[in-house]
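Each of the next two complexes has chain A plus one more chain, namely chain B in the first and chain C in the second.
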Partner chain A sequence: MKFEYAAAPESRAVVNIASNYGLFINGEFVEPHSGAFFKTVNPATEEVLSEVAEAGQADVDAAVKAARRAYDKTWSRMSGKDRGKYLFRIARLIQERSRELAVLESIDNGKPIRESRDVDLPLVAAHFFYYAGWADKLEFAGLGDNPQPLGVAAQVIPWNFPLLMLAWKIAPALACGNTVVLKPAETTPLTALAFADICQQADLPPGVVNIITGAGETGRMLVEHPDVNKVAFTGRTEVGKAIQRAVAGTGKALTLELGGKAANIVFDDAPFDEAIEGVVNGIFFNQGHVCCAGSRLLIQESVADQFIEALKSRLGTLRLGDPLDKNTDIGAINSYQQLAKIEELSKSGEDEGAERWSAQCDMPDKGWWFPPTLFTGVTQAHRIAREEIFGPVLSVLTFRTPDEAIEKANNTPFGLSAGIWTEKGSRILHMANSLRAGVIWANTFNRFDPTSPFGGYKESGFGREGGVHGLAAYLKVEDPS
Partner chain B sequence: MPSPSITSSGLPDGSAASLTGFLHGLPGVDQVGAEARAAMLGTRSIKNDAKSWAIDLAIRMIDLTTLEGMDTPGKVRAMCAKALRPDPTDSSCPSVAAVCVYGDMVQTARQAVGDRIHVAAVATAFPSGRASLEVKLLDTRDAVNAGADEIDMVIDRGAFLSGNYVKVFDEIVAIKEACGSAHLKVILETGELKTLDNVRRASWLAMVAGADVIKTSTGKVVPAATLPVTLVMLEAVRDFHRTTGTRIGVKAAGGIRTSKDAIKYLVLVNETLGEDWLTPDLFRFGASTLLNDLLLQRQRISTGHYSGPNYVTID
Partner chain C sequence: MNALIGKDDRVEIRKTIKLYIGGAFPRSESGRTYEVNSAKGDFLANVAQGSRKDARDAVLAARSAFTKWSSATAYNRGQVLYRIAEVMEGRREQFIAEVQQTSGSTTKQATKHVDAAIDRWVWYAGWADKLSQVIGTSNPVAGSFFNFSIPEPTGVVVAIAPHDSALLGLSSVIAPIIVSGNSCVVIASQNQPIPAITLAEVMATSDVPGGVVNILTGDAAEIAPWLASHADVNALDLTGITDQQLAQQLEQDAAGTVKFVRGPRTDADWMATPTLSRIRAFTEIKTVWHPMGV
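The block that comes next holds the complex of A and B.
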């Protein structure tokens, strides 16, 4: 008998999406000077959700000016204790509205509600709570006796974890006494705009947080604005490089969190079933739209066949479909452009001789979807072993010895994260010391916590977000890293 | 590993070196990871038709149980009536799979249920298992002779924890033989094994020795059945099937009291072993109070409102 789970959709009634949104500048929503708007769509249905303002130069100027005024007149003069009160208030409001925000995130981004509800939103609130606690204790952070804020922060964030990346950017910036102008990604602006509403609800002084929407050009104008003191960017490596060039010589502080091509290394003495889960979570969490995704599986040759067979069997149980269904494991690909990129790289895998396997899934007629896929017979020379796919595609490579695993894992221009699966503690420590990656997980993957710093080596960027390290990115101090 | 005494089927023969080598060579279980997987499956939302279907299946999978010093023939007969017809107001409600009693109550139970459902007896000096093999064998034969067609035995946890796997193995083999045609469920008492590594090893040990079903708990030790423990046992059953082609059953017993909990177990079975195991032949709940909650939920679905405890029978 077959256990068919009946549809269990989370209600959309809890969200109220306006037909159009202006820009959130100086504490209120304003019409854009540019007069331009763009559409944001639900990637699971291609339904247009809303029209959102596209900020031009005059709008960017207005936002930075509002942030500067709020910095000079209010926020930098406020005691840490009072800044903390606002941040605690925001954190509580996020918790109170978490169901609404989770549904909104899933509608705009395509990620399963199980993930937005159980991962994104709890982490968003936790991040604000964590940095709220730091606001009045900065002199005890080991970053000097009287650390001072930088000023106005220009922050540009990606579409994969829209609200979580907002939290990672705004919470530490505000805790340290900076004001911000944040630009969400053009395909996922809605939760950032809901956050603007929360700022109003929290009575946050006008101009402390400004949210301007737009695409790459708006982002460029923002980071190049001369009255910005700090630039923080999460996104593609090419864009990060362009930002670094633009910022060079201006005196602006910069942190970049860019791409990755993480190795998830499974030894023959690994906890087998949990390693399978870890590999699945490593690359299929959030449709693989994760910069620290474990996109390369390095499996020890002695157990490779057995592991891959078990992995395929497990992938067959993943449930792809409506992101709002509480039982969905794999949601929609965020945009048509991203789907095209995943398809192009997957084709290159086949063309270059790797063997493709995809789980059998019924794909919805509308929207953008890609089935959980793995490639075996991948070598270091294949594009799918070197380039970030940013989708639900796993490249499987094998190794014979720990040294070979280290060599292959490090043989990439990226260095954001890595995973080690073994029951042997000494091997975990040895591997962790030898891997050039900012985050290393042992017998788990894609675990996040606001107290733990996150960031990369090499082309994965520099600077750390999260933990006490994350404060250094928003204060006038020597970077301890 | 591999030991020289692994047979061509990939399983150990019954020698000490072979058993120890095999069991200690099984991959470890990462407790944090296993708990996370069980918790994630616990978030599955089972609604509407799926819920109705799951509730009826759960009822059909119950071993309705009374294992008390104060059991009497009257109590057992009342429970048997309930087992046959759980909801007297609704003839569409299925019977449970079996009644489960102590050995001296088997005859009463068998007379009450006839051949309509199974009669399971706990045997082998249940629940502690602290008796000689002779006593355990007599206990088993006694129950089978009285009409039990399922035997729930306990393993010797002391022997297991001291590494004497041969003793545990030999006892299961001997009891299996004493069972004759009766099905053998082997209780691991996971609450006394403590670690998930032990749960995996004990599961394999019981299956290799000839268990038809592996069962979590006696219900007399806390914790009894838990989702992570059951997950690890289901994974062992899955791997045993991959190795040998033989389907072993699983019984989760003790501590499962609500429909919501029962459905979580069915999800675990569905997503670990697949639909082939979603049958009373291969998955059971050992429970006493679970049935009434399933009935209340069943009534709610058919009538649209909750009734109360006086609208389901006590046994």
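The block that comes next holds the complex of A and C.
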């Protein structure tokens, strides 16, 4: 049976995209010294949305200088109470403009409006609201009586959750009294630039938040800038390693939130339909562009055939297409480069002997798309079981005993997240105890909350974002030894 | 006369100073030793000069010990750390003599140093079963979940002990690493390694499972790079590295597998009561979303 849906597009009229954007430095938009601009594109239509400044060395210098001045003259001297008030203002402004920001996010990123509207934006506002309340309570964070800010934070974020990653970086940094220079990803700069406008509306003192756009080279100049005290990066593991090397010996504080290859473990007693939905959400949420995605399904052998069949049937009903359509489940792949990477790794899956299955769905003529895909017959040696694909591709492995599931789940250089599906509470806690990952979801997946710390073990990075633990990344503590 | 302990006319039995790996005391696989003298310049011992192979053996031993040690109850780990203090107490005079000879301090200073070291183990022992309560949280998420965060050991930690605080500094580096359930490989002070090996003897007789603490003697500049780039090491503590270039090199090596690095510390006040910062540095925060429902 095939259900027909009438298209239900969200209106684009709420967003107003300028034809070009400068850099947001010291509270205002300025032309780049570099004179260079690059295009940002709607990945669902390949339409050029705007031209955005590409910051060069002089621009990075100017941004760091503005952040330093704001740190010295204003922000580090301001009371926590007043810093908190600015952050509360920002949280409210985000709530007020959330529809506009959600639409803009979907246009620039390609993610379904249902996600940007119901997940990203509420979490963005909540994150600012949460850390706003910390600004005047830092002495209660368990980090000593008088924790101090670090100084200027250089923050580089990815394209998968552009505004949410901005919130995870900026909110705790500002609450702790640091100033920031943030570089959004080159394919998704627009919501960060809209956030600059929100900083202006909030009358945030100039230089406290600076947003510079550009690609990897701009990011490198920013994290290597000698007047930066803290580097926070979310993104690919290879880039994280390069940043750690670059920061080595400088004394800069560093937190890294990198890749993952999470196991989503389904036991034979799992609530069946919930688990199907959870596995789908685990890997196909946000087109699989999620560092903590449940990209390895570990299904108990006794229910494997039945589960995989039900999973395929469910994937057949997912709607792929216009990100602004409220019916859409799977949006566009964020960039051509990412699509090429997903295709290359999927091909390796076939070449190495796994069996590929993709949902039959109509693909739009323009833009970058990849159908929900799963591989069965996957062994732990296959690239698709080891490497992060960062796309809507699920590798299915089986297990017989809990110990085997633990062994397989932990057999990865990553350790960001894991999922457990079972009706047995004691088993959840036993498994959670044994899995070497920073976030464990039981009977749910890809769920976030500002009070809940997030971050990985092993090559998934170090440091936590969210919760009281997220403050430690932005505070200096007196320590005799 | 043996500069170490001998006071009467007896010809003493001198001790061979060897490495401590996996609960045993092997010589360096390389067959090398180096001469260690007292602060006055008297010959004390030919100490094993650890090699790359020794370092790798130590990591293997530490990894093997990790599973059991990290899953021991907090109460149990606390008792084991306390037991270390108990056994050290019995060797107090020996430690004082060794610290005095190797560092050239007065008896009074050496006594203060050793007493502080023993007390430091007691301080950390008490943290074993309080850590989760102080660093852990339950988090009021929006949704039907009991969400909690707890500290867990990060795995195998490599530490370079301070060169100028042979027992207190060494203890202050090892204790916070193992109290949470990590296992460790420590490179002892190159010029003052003898108290470290005596501490190893304490470990070997204090219910510390073999492999939880491994102590290498030798040249950190030679051994540490192999450990910093070792893929089965989870974190690095560079406390005792004084050469900035070496520190930078080690941090760069650590990036290969994204190890957390705690940087060098040249101005430490080891006598002062520590903060939780060393324990925190080598724990991971794990957050669990447990469903609620009928």
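Definition applied: the second predicted complex is superposed on the first by the 474 of 481 C-alpha atoms of A that agree within 3 Å, B and C clash if a C-alpha of one lies under 4 Å from a C-alpha of the other, contacts with A are read in each partner's own complex, and residues count from 1 in each chain.
Keep this in mind: a contact is a pair of C-beta atoms (placed from the backbone, for glycine too) under 8 Å apart; a residue touches a chain by one contact, two chains touch by 3 or more.
This is a predicted model, so every value here is computed, not measured.
Using the contact criterion defined above for the overlaid structures, shared-chain residue A:36 touches neither chain B nor chain C, since it reaches no partner.
In the superposition on chain A, A:141 makes contact with neither chain B nor chain C. Touch criterion not met for A:215: it reaches neither chain B nor chain C.
Judged by the touch definition given at the top, the superposed model places A:237 against chain C, while chain B stays out of reach.
Of the two partner chains, chain B is the only one touched by A:5; chain C is not.
By the document's definition of touching, of the two partners only chain C reaches A:457; chain B does not. By the touch criterion defined above, A:468 reaches chain C but does not reach chain B.
In the overlay built on the shared chain, the residue A:441 is in contact with chain C alone; chain B does not reach it. Annotation for chain A, partner touching more residues between chain B and chain C: C. Across the superposed pair, chain B and chain C both touch chain A at residues 443-444. Partner chain C is touched in their complex by these residues of chain A: 126, 142, 144, 237, 240-242, 244-245, 247-249, 251, 256, 258, 413, 425, 428-429, 432, 437-444, 447, 449, 451-455, 457-462, 464, 467-469, 472, 477-481.
Put simply, chain A touches chain B in their complex at residues 1-8, 114, 118, 269-274, 277-278, 317, 326-327, 423, 443-444.
Touching chain A in their complex are the following residues of chain B: 27-30, 32-34, 36-37, 43-51, 53-54, 57, 232, 235, 266-267, 270-271, 275, 278-279. Residue ranges of chain C in contact with chain A, taken from their complex: 134-135, 137, 139-143, 145, 147, 149, 154, 172, 234, 244-245, 247-249, 251-252, 254-258, 260-261, 263, 265, 268-270, 272-278, 280, 284-291.
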